[in-house]
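First, the structure itself, so that you have it in front of you.
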Amino acid sequence: MFVGFVGLGGMGGAMAARLVAAGHRVRIWNRSPEKLAALLGQGAEAAASLPAIGEAAVVISMLADDSAVRDIFLRQGLLAGLPKGTVHVNMATVSLELVRELVPLHQERAVSYVSAPVLGRPDVAAAGKLNIFAAGAADAIDAVQPLFDAIGQKTWRFGTEPEQANVVKIATNFTLACAIEAMSEGAQLVRSHGISPQVFLEMLAGTIFASPAYKIYGPLIAEERFSPPGFKATLGLKDVKLALAAGEAAHVPLPFAAVVRDNFLDAIAHGEADLDWSVLARVAQRRAGSR
Amino acid sequence: MFVGFVGLGGMGGAMAARLVAAGHRVRIWNRSPEKLAALLGQGAEAAASLPAIGEAAVVISMLADDSAVRDIFLRQGLLAGLPKGTVHVNMATVSLELVRELVPLHQERAVSYVSAPVLGRPDVAAAGKLNIFAAGAADAIDAVQPLFDAIGQKTWRFGTEPEQANVVKIATNFTLACAIEAMSEGAQLVRSHGISPQVFLEMLAGTIFASPAYKIYGPLIAEERFSPPGFKATLGLKDVKLALAAGEAAHVPLPFAAVVRDNFLDAIAHGEADLDWSVLARVAQRRAGSR
Amino acid sequence: MFVGFVGLGGMGGAMAARLVAAGHRVRIWNRSPEKLAALLGQGAEAAASLPAIGEAAVVISMLADDSAVRDIFLRQGLLAGLPKGTVHVNMATVSLELVRELVPLHQERAVSYVSAPVLGRPDVAAAGKLNIFAAGAADAIDAVQPLFDAIGQKTWRFGTEPEQANVVKIATNFTLACAIEAMSEGAQLVRSHGISPQVFLEMLAGTIFASPAYKIYGPLIAEERFSPPGFKATLGLKDVKLALAAGEAAHVPLPFAAVVRDNFLDAIAHGEADLDWSVLARVAQRRAGSR
Amino acid sequence: MFVGFVGLGGMGGAMAARLVAAGHRVRIWNRSPEKLAALLGQGAEAAASLPAIGEAAVVISMLADDSAVRDIFLRQGLLAGLPKGTVHVNMATVSLELVRELVPLHQERAVSYVSAPVLGRPDVAAAGKLNIFAAGAADAIDAVQPLFDAIGQKTWRFGTEPEQANVVKIATNFTLACAIEAMSEGAQLVRSHGISPQVFLEMLAGTIFASPAYKIYGPLIAEERFSPPGFKATLGLKDVKLALAAGEAAHVPLPFAAVVRDNFLDAIAHGEADLDWSVLARVAQRRAGSR
């Protein structure tokens, strides 16, 4: 398949590499061109300009946030240049608000919009083991399924409204933030009683919570290994705000999200914005006066 | 080993049966004698009276709550009759306050006190697959280790102060309550956006949260299967209150525990006291006006 | 003084009437022209068109929300037509984000921007008893002080950055929302113990809390008089979101704001969006199962 | 009237002095006898022993907490020695649990139990300006009304069940704690935006919140005058825990109480246990990283 790919950061680069490796024709473009070299070496082709991305049948975007999407697709005009029938697959975690703005703009141009945010860090992407949450018109998803198969281990379909996949991604990240906060509070509770948080967290990750989330974040919390960040506190705050906004849109109180939001603000107020979001553990520790 | 066992409810009965099956001499006593029959048939022996329990070298108690322990060991005098050198293993989830009261009373009588609360439901107990959290004098734990081996798949040692095992049990149940609340809020967020909570929870339990906790509670929440209860909302409230009290004792704020406490009260105020504690999902649903 | 006034709803209309009564020349414009008749009868003059408002030396706006301000001043171009040296006094409760956007746009045109949100309901405005929170260039505030004197009983100056007055207004409304929530929870606590909320709230408003806030909202809560609304739940939610956003901008956790936000969502989810924001009392009552 | 009075701390001493000044015969007893001298000089009479207090027709107690009441009335046996027909007026802030334990014990002895906690600090007590919350049998309250008239400016009757007065006192202190927390969060919000918390709090206390609560606590917060304490953080925590317990007893979620509880723990964890409970302001400041 002929794919245009914009947004080649840690995640996007790994995903594009999988597509190339699977034999697809992948044309790439990035705001910072220095990221392109490795992919070109693997067989991707450089877009002569941003509009040249639109010559592909499918355009995948994996941009940093809402404003990057608005910049590339609206201000710089990528959307306006897409031919009728193109499928645009947005695989980033963006706000519902943005999706609600983009969907009619795509419809006007007869361009299909598929939301397909992914679950997994860059190493998971490189291994082609992402979980993909897809929503949008069934035929459009069917059309790009071979691409998803190259990138992910499984595609979960959540509906025909693109925003539904975004809600699932937002809810998933929210649930993960909650798990980190729960580990943080629990670890502080045992620490303040003279018990090793490490053994406690190992026990959790070895018994009822034996799962990637607890196996990844338990040791980060136990060893206070918040740097280098896998996912920064500022991004954690961004995501919990997406959850709060999605809750507001549907009138869903989310008291856990409110707690996590405040704790990310506490972290950021203490100069921890660029540490891993598991720095929530440090907030719990600080509030208990134990650091 | 000669073991006296008091408290033969769903958990205690299954644990005593494991001891009998492993060849230990098990003398049993229960406030409601009708629970004894099955065990007697399997080879346990009935205590002629409560004090006769004290003739065993080790006394295991698995009583419902703090007040039951106070009743049997203090008011009815079981502790006062234990010979010097007996080991009392309390395997129930009780408050730190009770442990702090019992430890010196045991010391006065030269009776060892071991805290060994367990993780697992009755079916796990029957299979001998419990996780046991032990704390107390190392030699006393060593002495009863063969009993733990008959009951559990693993013994986790958390220190020489008995209450440390209780803190770990309390923190574990708290973390589990948080996972239920997080699943509940996340499920409601997707439901209110027209997405199936079932698929969402299956995805969580099949990906980053692939663990017993999410595999057990995800379907209960998705199918609203709150009855019959595996663990009642009232017990959930009791446990989160133990966490709050343990936090207070060490000056640890626990904002997630506060949210869960309020939501259990909301459930109980709506006549859901005797439903499974995953009824937190119904609270989230009710607050969002979707039932 | 020659004043242009846009936004003549309940508050704006009463404020404009005070200016007319004080002898100022007041030119008025409103999106819904039917609101103008009464003021014209009192001596105000109708603007032939929106740009004609800009012929006055001072333009006061009292528009419903951020988007109304953006519409009138940016999209419809009122700002672009203001002569150099005009003073624009924005007396509405708007977001910090909007102020940060407007201030440089005014500076470019050499138009002074004064933030002057007010404290008080329409009846207070009609009596000229508002409290006015002013921030902006000192000479600009000095220039419009005679107008403030006609409208309010006191002008509180909070700094030379316009947004500072908005922060104060946002923080004030937040504190008021907290008082309503506290009364609501306290009233429910006594009600659930068989005590009259009415006597309890009368006592509060007659003793340590003897102040307008408790005297106004105590009876509304006690008598469950949520309709007609003085200030709708949706506006309460809007204001608490402004507080949360202002907190985020400066990294200030606001746990009370988070609770209030969730409770407004609960109200809205139960069809209470258009009731008075003291409907927080009904949320407390509902959660306690007593309605 | 012949009154026995136990518990002569700051509050109790001032109240007893009012009774003496009003011409009542007041017999006094205190655990720390050094507190008695001043009252004896004013005309009170010393009880030869604790039981001699019981010779009075009315026994007023103003003891520090639940355990002091249990100690004096139960362990030391004051209650057991009271003649039939005595009226015991407990004017301290105690738990519902204690009242529920004491009421039947009094009934057994045909001693009337009146709950009459008071609102006001020691200087208010000295001026005879307390507000008294009374509940219990109407004839018993009628009988002691002359004593209340000597101590307070107004007696508010809340029912015939003694505990109802305690619920009101608990709910009142809870509402006051919420006001302090709201002022604290609001003050931090403005401080973090470069605005003087002092002017903000003065404005609140001069406008919609013009009441003793805001006039007393506003300046304490603005000037960070947490020492000497008028009411310690530990007592604030005790009171909010009474509110949470009263809420639990009646299944009333109290999310504001939960926030305040956590913030008192944060204060205590930072060595601020003995500062005034308005130290909640410092917690807000610390969390925002501004100290």
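As written, the chains take the letters A, B, C and D, and residue 1 is the first residue of each chain.
Following the convention adopted for this analysis, a residue touches a chain if its C-beta (ideal position, glycine included) is under 8 Å from a C-beta of that chain, and two chains touch if they have at least 3 such contacts.
No experiment lies behind these values; they were computed from the predicted model shown.
Using the average of C-alpha coordinates as each chain's centre, D ends up farthest from chain A. When the interfaces A-B and A-D are ranked by how many C-beta pairs touch across them, A-B comes first.
Chain B and chain D have centres, each the mean of its CA atoms, that are 38 Å apart. For the pair chain A and chain D, the distance between mean C-alpha positions equals 53 Å. Averaged C-alpha coordinates put the centre of chain A at 38 Å from the centre of chain B. In chain A, the positions touching at least two other chains are 247, 251-255, 259, 262-263, 265-266, 269, 287-289.
Chain contacts here are complete: no pair of chains fails to touch. Remark: chain D residues 119, 131, 133, 156, 158-159, 161, 163-164, 167-168, 170-172, 174-176, 178-179, 181-183, 185-190, 192-196, 199-200, 203-204, 207-214, 243, 246-247, 249-257, 259, 262-263, 284, 287-289 touch chain C in the complex. On the chain D side of its complex with chain B, the touching residues are 237, 241, 247-248, 251-255, 258-259, 261-263, 265-266, 268-269. Interface residues of chain D facing chain A in the complex, by the touch rule stated above, are 255, 262, 265-266, 269-271, 287-290.
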